[in-house]
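Dropping a structure here in C-alpha cells format, bear with me for questions.
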Amino acid sequence: MPGFNEAFEIRKYPLPREIEPRAALVKVEMAGVCGTDVHLWKGQLPIPRPIILGHETVGVIEKLGEGLHTDWSGKPLRVGDRITWSAGMRCGHCHFCTVFRLPTRCLNRSAYGISFTSDEAPHFSGGYAEFIYLRPGTAIFGVSDVATEAVIGAGCALVTAIHGVERMGISFGDSVVIQGSGPVGLAALAIAKSSGAAKTIVIGGPAARLELSKAFGADHTIDINEFPNAAVRLEMVREHTAGYGADAVIECVGSPEVVSEGFEMCRDGGKYLVLGHYGDAGSAPINPHVITRKQLTVYGSWASEPRHMGHAIEFLRKQGERFPFGQLVSHRFPLDAAFEALQTTSKWASSKSVVVP
Amino acid sequence: MPGFNEAFEIRKYPLPREIEPRAALVKVEMAGVCGTDVHLWKGQLPIPRPIILGHETVGVIEKLGEGLHTDWSGKPLRVGDRITWSAGMRCGHCHFCTVFRLPTRCLNRSAYGISFTSDEAPHFSGGYAEFIYLRPGTAIFGVSDVATEAVIGAGCALVTAIHGVERMGISFGDSVVIQGSGPVGLAALAIAKSSGAAKTIVIGGPAARLELSKAFGADHTIDINEFPNAAVRLEMVREHTAGYGADAVIECVGSPEVVSEGFEMCRDGGKYLVLGHYGDAGSAPINPHVITRKQLTVYGSWASEPRHMGHAIEFLRKQGERFPFGQLVSHRFPLDAAFEALQTTSKWASSKSVVVP
Amino acid sequence: MPGFNEAFEIRKYPLPREIEPRAALVKVEMAGVCGTDVHLWKGQLPIPRPIILGHETVGVIEKLGEGLHTDWSGKPLRVGDRITWSAGMRCGHCHFCTVFRLPTRCLNRSAYGISFTSDEAPHFSGGYAEFIYLRPGTAIFGVSDVATEAVIGAGCALVTAIHGVERMGISFGDSVVIQGSGPVGLAALAIAKSSGAAKTIVIGGPAARLELSKAFGADHTIDINEFPNAAVRLEMVREHTAGYGADAVIECVGSPEVVSEGFEMCRDGGKYLVLGHYGDAGSAPINPHVITRKQLTVYGSWASEPRHMGHAIEFLRKQGERFPFGQLVSHRFPLDAAFEALQTTSKWASSKSVVVP
Amino acid sequence: MPGFNEAFEIRKYPLPREIEPRAALVKVEMAGVCGTDVHLWKGQLPIPRPIILGHETVGVIEKLGEGLHTDWSGKPLRVGDRITWSAGMRCGHCHFCTVFRLPTRCLNRSAYGISFTSDEAPHFSGGYAEFIYLRPGTAIFGVSDVATEAVIGAGCALVTAIHGVERMGISFGDSVVIQGSGPVGLAALAIAKSSGAAKTIVIGGPAARLELSKAFGADHTIDINEFPNAAVRLEMVREHTAGYGADAVIECVGSPEVVSEGFEMCRDGGKYLVLGHYGDAGSAPINPHVITRKQLTVYGSWASEPRHMGHAIEFLRKQGERFPFGQLVSHRFPLDAAFEALQTTSKWASSKSVVVP
C-alpha cells in the first residue's frame, strides 16, 4: 500500500541476509483481510507508508534465528513448521506493561501490518507478501495440527472475543445476547458457549449469517431485517429470558446506536461488553441513569495479548469440529490481487477474504 | 403531602393500639430532607398519595413489639434508645432477592416515606411526623453513641456511596477523581479516602463546597466556575496523575453530560462509577469506542442494602471527627414548616435541611 | 430410619388432608442414595429420629397448594408434572441470608431427608417414601424434558460442583486437575469442561471410573492404583502442563492427605478448590509456606443454592448427550429394600444406587 | 558475608568507572536488617558467596547513567537526591512475567542483597556497603519528603502487607483479625485500617508490641502470654465480632500452628491471608473440612512488585503521622558492626536494627 486510498503495488525488497538471534524468516501461506485493514487503507489511523498490510497470517518457517527453539507455549520449533503469531508486540518496560498490567495499551506497542514501513529494513513486516520477518520477541505458535483456514477464518475476531469474555466473565448458566452476527459476533458466540453460557441469542443479519450462528449453536436468532423495530427485539429477548433480560449482552456491531438497546436487554444486575468498537464510530445518546437503575457493569476490552492467541489455537485444535471457523474463508486471492481482496472486504461482499501468495 | 406539587398539610392519625411482634413505635427526633423528596413531590415517581414523606430519620423507641430485642447488628434494643433504620425493605423471596442476589431491585421492594399512603393503617410510615411505625423486618440500628446531626447529615448519600464504592472497588493506592461536590460527592470522597485512595481530586462548586471537600481531605479541588472549560479540567486531572488519568472516577453530579468528560479522566484500564444518576436526567452523547480503547469498566449501583447502613453507622461512630457530616445540617424546621424545608432544598438554598418535630 | 446404625423400617403415616398455600404433595418416582446418607445413618451429624432419609428425589405432583402456579424458573406447574427440588431451605432473614449473602450457612437452614422427624406432621419429608410433602417456599423445578435417571444420577454431586466452580472460577483456556473420579469428580469434570477448561486431567480409580472420565471428555487420566507414588503423579501432571502445574486443581476425594499433593500440582499463582470435604475426615499435615510461595488461592464451598439446581437442570437438558449422567444409575431397589440400597452405597459396591418406590 | 554462618568481613572493591545507561551509583545512607537476612546467613536459601547482604536501603544518588531522568513514578531524578528502590527485579519475558502476570515468581528474578556475589563486577549489589550500583531497569523511588527512618522502619514488611491485602481484598466495614504483632503484623494493621477495615483485633505479644499496635489504631489486642489458651482467644474474637468471627484474618506469625486457629477465627464465608510464611517453617495439622464448611477463601502472596513500593512511599508520605513506622528503628550500627546488627536481629533483641555506613 503506497498511500491512503491508493491501489496496492507489488514491490520487491531484498530478503535479510542474516537472521537476528530469536528472529525468524517465514514464507507466507495465507493472510486474512480484516475489516481493520479497510480502516487503515482509508487513513483512519496514522500509520507509516508505504506499508505491507496484513496482521492475520499463517506461514512456514524458512529460517530460524539463534536461540529460537520453542514456540510461545513451549513446543519445539523447526524449519518447515507451519506457524502463526500475535501481531501486536509490547515493550515490557512502560507503566502500562509493568504497573497497570495493561500490555494492550503499551506506550511502545507495535504490530505487524500496521506499525512498520516497508521502506525500512527488514522490509517484510506485513502478511500481504511472500515472506515476513518475525522480530525477536514475537509470540509464535505452532499450528501443525490446525487447519490454516481455521486459523485465518477465526483471525483477529477470535482473540478479540477471548479477551473480551475474559474481561467480562461469563458464569456457568448465564443467558447471553450477542448483538451482531459478523466475525466478532460468531467468535463471541463460540467463546460464550464454551465458557458456560446456558442460553445464547444472536441478533443480526443477513439470514445466511444467522444460519451460521445456528450452526455454531445459537439457541435463538433475531433477524434485524425481519424485526427492524428495537422494541419488538427487546420484547423477544425478554420472552427468551423469563421476562428479566439476559445475564450478559455482548456488543459486536460497531455502531454506537446499539448500545442503548443492549443496555435494555440486560437484566437488572447484568453485564454488558463493548466488543465491536475497535474503530471510532462516533457518539450516540446514552442514558447513564439506566446504568444506575439496572445496576449494570459495562466492560471494554482492547485488542489481545499473546496468551489469548495461545488459548485460541488450543480452542481451534480441540473444538474445531463444533465451531467450524474454517468455513468462513469464502474468497481467495493471489498476491497480485490483494487490492481486490481488500475491496471485496470493504464492500461486505465476502464472509472472509484471504490472500494466498 | 396530599398530592403532587401541593403544599403539605398536617393531619392527625390514631396511633396503633397494638404493636405487632418485631415491630416498633418510634418518636421522631429529626428527619432529613433529601433531593429525592423534591423529585417525589414533583411527581417524577408514581407514589401513592396522601403520603408522609421522609426516608432519613432518627427517633427514640416508644414501644417495642414482642421478640424485638436486638438491632440489626446484634446489639440490645430498649425503649428509650435512639435509633435509625434502613428505609428500604426487600421481600426475601423474589428472583432478585434469591437468585440474582440483588435485593436493591427486589420486585416487591417498599420504603418508608415512599411506598405507603398515610390513609391506610398503620398510617405512620414516613419521617415528617411525630411518630413512625416500623414494620416487622425493618433493619434498625442503635445510634446511642452517634450524634443525630451526623446520621441525618450523612443521610442517603453516605449509604449510596458505600454501596457504590463496594461495587466498583478501590484498591490501596488508587488515585480517584470525584465529579461533584454535593452530599453524594462528599460522601464518596470520605469513603474513597477510607478505602485506600492515595490521591483524591474533587471537581465541583461552589467554592464553599470545595472548602468543605478540603476539610474532608481532598488533595486537589477544581472549581467548575473558575475552570468552565472541560479540556482545561481534563488537563488539570492529568497533571495530578502523572499524565495517565485517574485509576477511578466517581460521578456524583446527576447530569448525563459529565459522563463523557469523566471517561476521559480515567486512565486506560481505569474504573468509572455512575453514582449520581438516581433520577432519570435523560441522555447525552457518549462514544462507546472510548470504553473499548481505554479498556474501561463502568459500574452502576442502585440504592443500598441494610449492611451498608450498618457500615455507615460504624463509620460515623469511629471517623466522625475526621469526616464531620454533622456540619452539613444547615437549616432546621419544625414539623409545621416541613413544606418550607422542602422548598429550601428544592432551591438548593441549604446544605442540608432537616425537620425537627 | 428409626435410629443411628439401625435397619430401616417401613412405617405408615396419614397423608395430609389439606395442602397449605404454595405447598405441594408429590408421589416419589425415584430417590438417590447419597454418600451423605451413609454418614447420617452412622450418626456423624446430629439429626432427629425417626427420619425418612433421601434428599435427591424426582416425583410427580399429586396435589398443588393454592398460589403455586410456576416453578422456580417461572415455568408453569400442573398436577401430573414430573419435578425435582432443592433439598435445602433457607430462612431469608438471618445475618447469613441478608448480610453475608451466604444462604448455604443460613442459621435456620433445613433440608428434606435431614432435618425433619417423620413422627411429626406432615411426616413426609424425605425421599425414601411413596410420597413427600413439599413445604411452602421449596425451590421446585419441572423436569418434564429431562430423564429421571439423569437427574438422580447427577444428584447432589452436580449442584455441589456447579457451586464450587462458581466460587473458584475457571477462565477460558485453563488447565484443570481433578483429584478423584467419584460422582463429585465426574461432575466437576463436566462443569470444568463446560466452563472453558482447555485441558482436564483426572486422578483416581478404579479403571472403570477413569474410563467413564474419558467418556466425559478427560484429556488425561492417572490411575492411583497404577501410580501409587505421589511424586510420580506430580511429575505426570507437570508433563501435561508444560512443566508449570495446572491453573486449577479441584479436590473431590474427601481425604485430607490429598490436599498437600494437590497444592503441589497447582502452578504458581494457581487456584485450589476443596470440594470433596463435605464430611469431616480430620486433619493432615499441610505447609502454609506453600500457599505463600506459590501465591495460591484456596476456595471452599458448602452445599448449594436453588440457582445451582436451576443451572443443573438446564445443563442436563442441553448437555445430556455429552455428559450421560443417567448411566451412573447402576442399582435399583424397591422401597422395602431401601436399607439394602444404603448398604450397597456404604460398601462402594455401586456406581449409584436408587430407590424406586 | 564470606560464607554461611561466618562473621562478616569488610572488603574493598573498585567503584565502577563508568555508569551504564539507565543505571545509577548510590551512596548508602541507611540499610535495614531484615529477618530474611538472618535466614540467608544461616544458609536456608542457596545464594552465592561472598555477598553483600542488605535489601532494604536508602541512599543518595552519586552518579546517574545516561537516560535516567525520572523515578518509577515519573518524578525527576537528580544527583544528590535521596532515593530507595525495589530490591527485586523481573525479566519481563518469561511465562510468569507475560502469561501468568505473576512477576513475583519470575523465572529469572534477581534481587539486590540476595542474588549477586560481590566478587563479580559491579561488586556493589547489597545495602551493607558504602555504595550500591543500581542496574538498568531498577524501580527507583525518590524519597526526598519522607524520613529515611520511616522508609527503613517500614521496610519489606510494608510492601509485603500491601501486596497481601491487595490479593485478599478488604471491603469497607470489614472486621479484621491480625495474628502477630511483629513488623509484618504492624504493617498489615496499618494497611487494613487504611483499606476500610472498621474493626481490627491484634493477637500477639509482648506487651510493648501490643501497645504499639494500639498506637497504630488497633481496636482490641489479645496478649498471647496473658491468654495462652487458643479456645479462650477464639472466644474473645467472637465476642468482638457479634459471635460470627471476623470477616478477614491475616496471618503474620510464620508458625504453621496458628493457621488452624486462624481458620476458626474467620466467620463463615470469610477470608484468610497467609502472609507471615515467607520462610518454610514446615507443616502443621490442618483440617480441609473447615475450609469447605465455613466456605473460606485462603490467599497466599509472595514478595512484592514495584507498584507496591510506589504505594508504600506514597503512604508513608501522607500517613506518616498516623502510622509512625520510623519509631520502629531501635538500634543503629556503623558498617563495621553490621555483623553485630545481624546478631541483634537474630536474637529478637531489637525492634528494628539498621546499618548506617
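For clarity, chains are labelled A, B, C and D in written order, and residue numbers in each chain start from 1.
In the analysis below, contacts are C-beta pairs under 8 Å (C-beta built on N, C-alpha and C of every residue); 3 or more make two chains touch, one makes a residue touch a chain.
Computed from a prediction, not measured in an experiment: that's the story for all the values here.
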Set of chains whose contacts include both chain B and chain A: C, D
Selected interface, B-C versus B-D, where C-beta contact pairs are more numerous: B-D
Centre distance in Å when chain B and chain C are each reduced to the mean of their C-alpha atoms: 43
Chain centre separation (chain B, chain D; CA means) in Å: 40
Chain B residues counted as touching two or more neighbouring chains: 74, 95, 101, 242, 307, 310
Touch list for chain A against partner chain D, complex: 74, 92-93, 95, 97-99, 101, 103, 137, 305-307, 310
Interfacial residue positions of chain A with respect to chain C in the complex: 73-74, 162, 165-166, 169, 171-173, 191, 194-196, 198-199, 242-243, 307, 310-311, 314-315, 318
Chain A residues touching chain B - in the complex, by the definition given at the top: 95-96, 100-102, 104-105, 167, 242, 244, 251, 256, 259-260, 267-269, 274-275, 277-302
